[in-house]
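Next come two complexes built around subunit A: one with subunit B, the other with subunit C.
Let's look at the complex of A and B:
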């Protein structure tokens, strides 16, 4: 399986893989919310680097893009829900340390054993000249149903999360019979209404 | 068209990377000088001022704060100019890019998103109230314009049928994209100014919070942040000229000169207009971004998609 890759690509994948695991471990070692967040981001960026070394540019860049935005939004959630919103003081980042360590090590062992023992099929046909186009055609063609299902599930999760998180609903904003012309918001939005 | 597809193939890897970095720094200086000229109303000396200020910051001793998160602070400061230069790697120079990927537009967007996170680090690092407030203001603003910016880039990709910037240039042989995508053009340039926390989007560094993210910066750190901001504005102007104004296409003059002239025009327009607008309050940006700009950019993408189907760009 590895024979398709050049020497430097294998080296890059190995180094980035170690880097990704190391910063993943750092998430549980550091004592500040910001450092944990950015250690996690570093881990994801290393994974994006691995995808880049495998010449899957779109997947690599989208991984970097999405994970960065995710971590930034995590920082927003930090001020919304943490007991210490600024997070400037050291705090322990670990909950249920033993359980999560067992789960993490178990998952790592299962995946590693699986990856190295499975008899992977060899490539049939040529490598496509443009993996981005091929990916797009797969998503918009044969795998559209999967992507649509995942998309709707994610969207529903976002809505449910927001509904659970917000303390104010439309009755608070527009009155009991929803007749108020202007919403009663603690912070006015940008539009004149 | 040239034989080589990328700058490294033509000049070698190290010279090409150095050349792009130099172009970035030069663009940053141009932005800073234009900004200075518009602010003071005097063109004389404006070109020298950024150099003089840079030299002074290089010599200045670094101040520090009580119990800063030094690692993340330095990381954020170094990341800003680095990411600005990396975003320049997919901007075509003389019809070629430093990096030829099949997803250039997404690469550019990813660098902007990383810039977003990096500036929050600059605000977080010094363990200072004003800097942290500025960092969170920047996060809040980013939530507002990230989506419209993505749709603006998607529109370009749909029009060109490709995410490569060189293909986008080729698709504008007949007509500039700015003609059929005016909304995407304006949103792209405005969000770029916003990602550089500059002009009307400078609330993260505003005077009401004592300079915000830049409040505790001094010496080399301040130089890195200011340089990153200027280089990113320059890189975006070059990208806007390539994506919407036909890049290096034009009569009589050679291609790179046209691209340079268009980039300078975008910089001049951006600074001239941006410095005449008041600073937007960060709590006002999300509703405008999501209730006005997202529908507008979606509509723009729809119009372009219909035009593509009718064979308008073929």
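Let's look at the complex of A and C:
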């Protein structure tokens, strides 16, 4: 059976595939944390391009937009936390690099052996005219449980992020049993209970 | 080029991303770099999901839904990862995983 991808799409997928892995490797090779962030962005954009070639337009656009913003935020955190954000001097911050390389290469080898030895099923069914509509109808219909779970997980993330971001909560101010009459604030004048 | 060959090549690229990400997540000392390794693993899942949808069962939305779940896992990992990083840095000035080895046996 011939692939349904046209010639240019196969060429684009090949180039983007190489680019995604090369950018992924670059993340852990470059000296600068900021450069590593943008290398990771390159890897994500290459995968988004492959998804685009596979007619998954919505998922490709979501991946590209989400990851661009995410990496922009990540670059800010990098510059806040890291001692070498600009890569002005060579730097490696690794532990157990050899063992990690063995685990990474081993995982790749196991997956590759599986990929190249499995007798893959042939394609079943026809591609829908609009893959975005197919996804939308699925998450609002037959796969709604997935969407509900995602919604609750994201809501829990918002709550947990807020709790972790709070420097001083009510337990810091009023004691573990919340019985202190006056809040223990570094500067008086905070809100009462 | 047969469809099966293209699928296998794409899945091999995805496996490469998973392998590189695993190496990064295990070897890096900086907490933010560990998160970047995990993101690369999930990037491989995105690619494998998209390839599986196109080449195996495009009439079913399941693989697309899997890609959506992987995207949400990425967002949650990033948000919670940064929240924990900021919290532990504020409490103890820890920004490397080796500095937070209290529970090491």
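Everything below uses one rule, namely that the second predicted complex is superposed on the first by the 128 of 193 C-alpha atoms of A that agree within 3 Å, B and C clash if a C-alpha of one lies under 4 Å from a C-alpha of the other, contacts with A are read in each partner's own complex, and residues count from 1 in each chain.
Just so it is clear, contacts are C-beta pairs under 8 Å (C-beta built on N, C-alpha and C of every residue); 3 or more make two chains touch, one makes a residue touch a chain.
These numbers come from a predicted model, not from an experiment.
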{"item": "Contacts of A:189 with subunit B and subunit C, given as first, second, both or neither", "value": "first"}
{"item": "First (subunit B), second (subunit C), both or neither touched by A:61", "value": "first"}
{"item": "First, second, both or neither for A:131, with subunit B first and subunit C second", "value": "both"}
{"item": "First (subunit B), second (subunit C), both or neither touched by A:10", "value": "second"}
{"item": "More subunit A residues in contact [subunit B versus subunit C]", "value": "C"}
{"item": "Which superposed partner A:69 touches (first subunit B, second subunit C, both, neither)", "value": "first"}
{"item": "Which superposed partner A:36 touches (first subunit B, second subunit C, both, neither)", "value": "second"}
{"item": "Partner chain in contact with A:180 - subunit B first, subunit C second, else both or neither", "value": "neither"}
{"item": "Which superposed partner A:148 touches (first subunit B, second subunit C, both, neither)", "value": "neither"}
{"item": "Touched partner set for A:140, first subunit B, second subunit C, both or neither", "value": "neither"}
{"item": "Shared contact residues on subunit A - subunit B and subunit C", "value": "62, 73, 131"}
{"item": "Residue ranges of subunit B in contact with subunit A within the complex", "value": "69, 71-72, 75, 101-103, 106-107, 109-110, 113-114, 116-117, 120-121, 124, 127, 132, 136, 139-140, 142-143, 146, 163, 281, 283-288, 291-292"}
{"item": "Complex contacts: residues of subunit C adjacent to subunit A", "value": "1-13, 15-24, 26-33, 36-37, 39-40, 43, 46-47, 50-51, 53-62, 64-65, 67-69, 71-72, 74-76, 78-80, 82-87, 89-90, 95-98"}
{"item": "Footprint of subunit C on subunit A - complex, ascending", "value": "1-5, 10, 13-14, 17-18, 20-21, 24-25, 27-28, 33, 36-37, 40, 43-44, 47, 50-51, 54-56, 59, 62-63, 66, 70, 73-74, 77-78, 81-82, 93-97, 99-101, 103-105, 107-108, 111-112, 115-116, 120-128, 131, 134-135, 137-139, 142-143, 146, 150, 153-154, 157, 160-161, 164-165, 167"}
{"item": "Residues of subunit A defined as touching subunit B within the complex", "value": "32, 34-35, 38, 41, 57-58, 61-62, 64-65, 68-69, 71-73, 75-76, 79, 86, 88, 130-133, 187-191"}
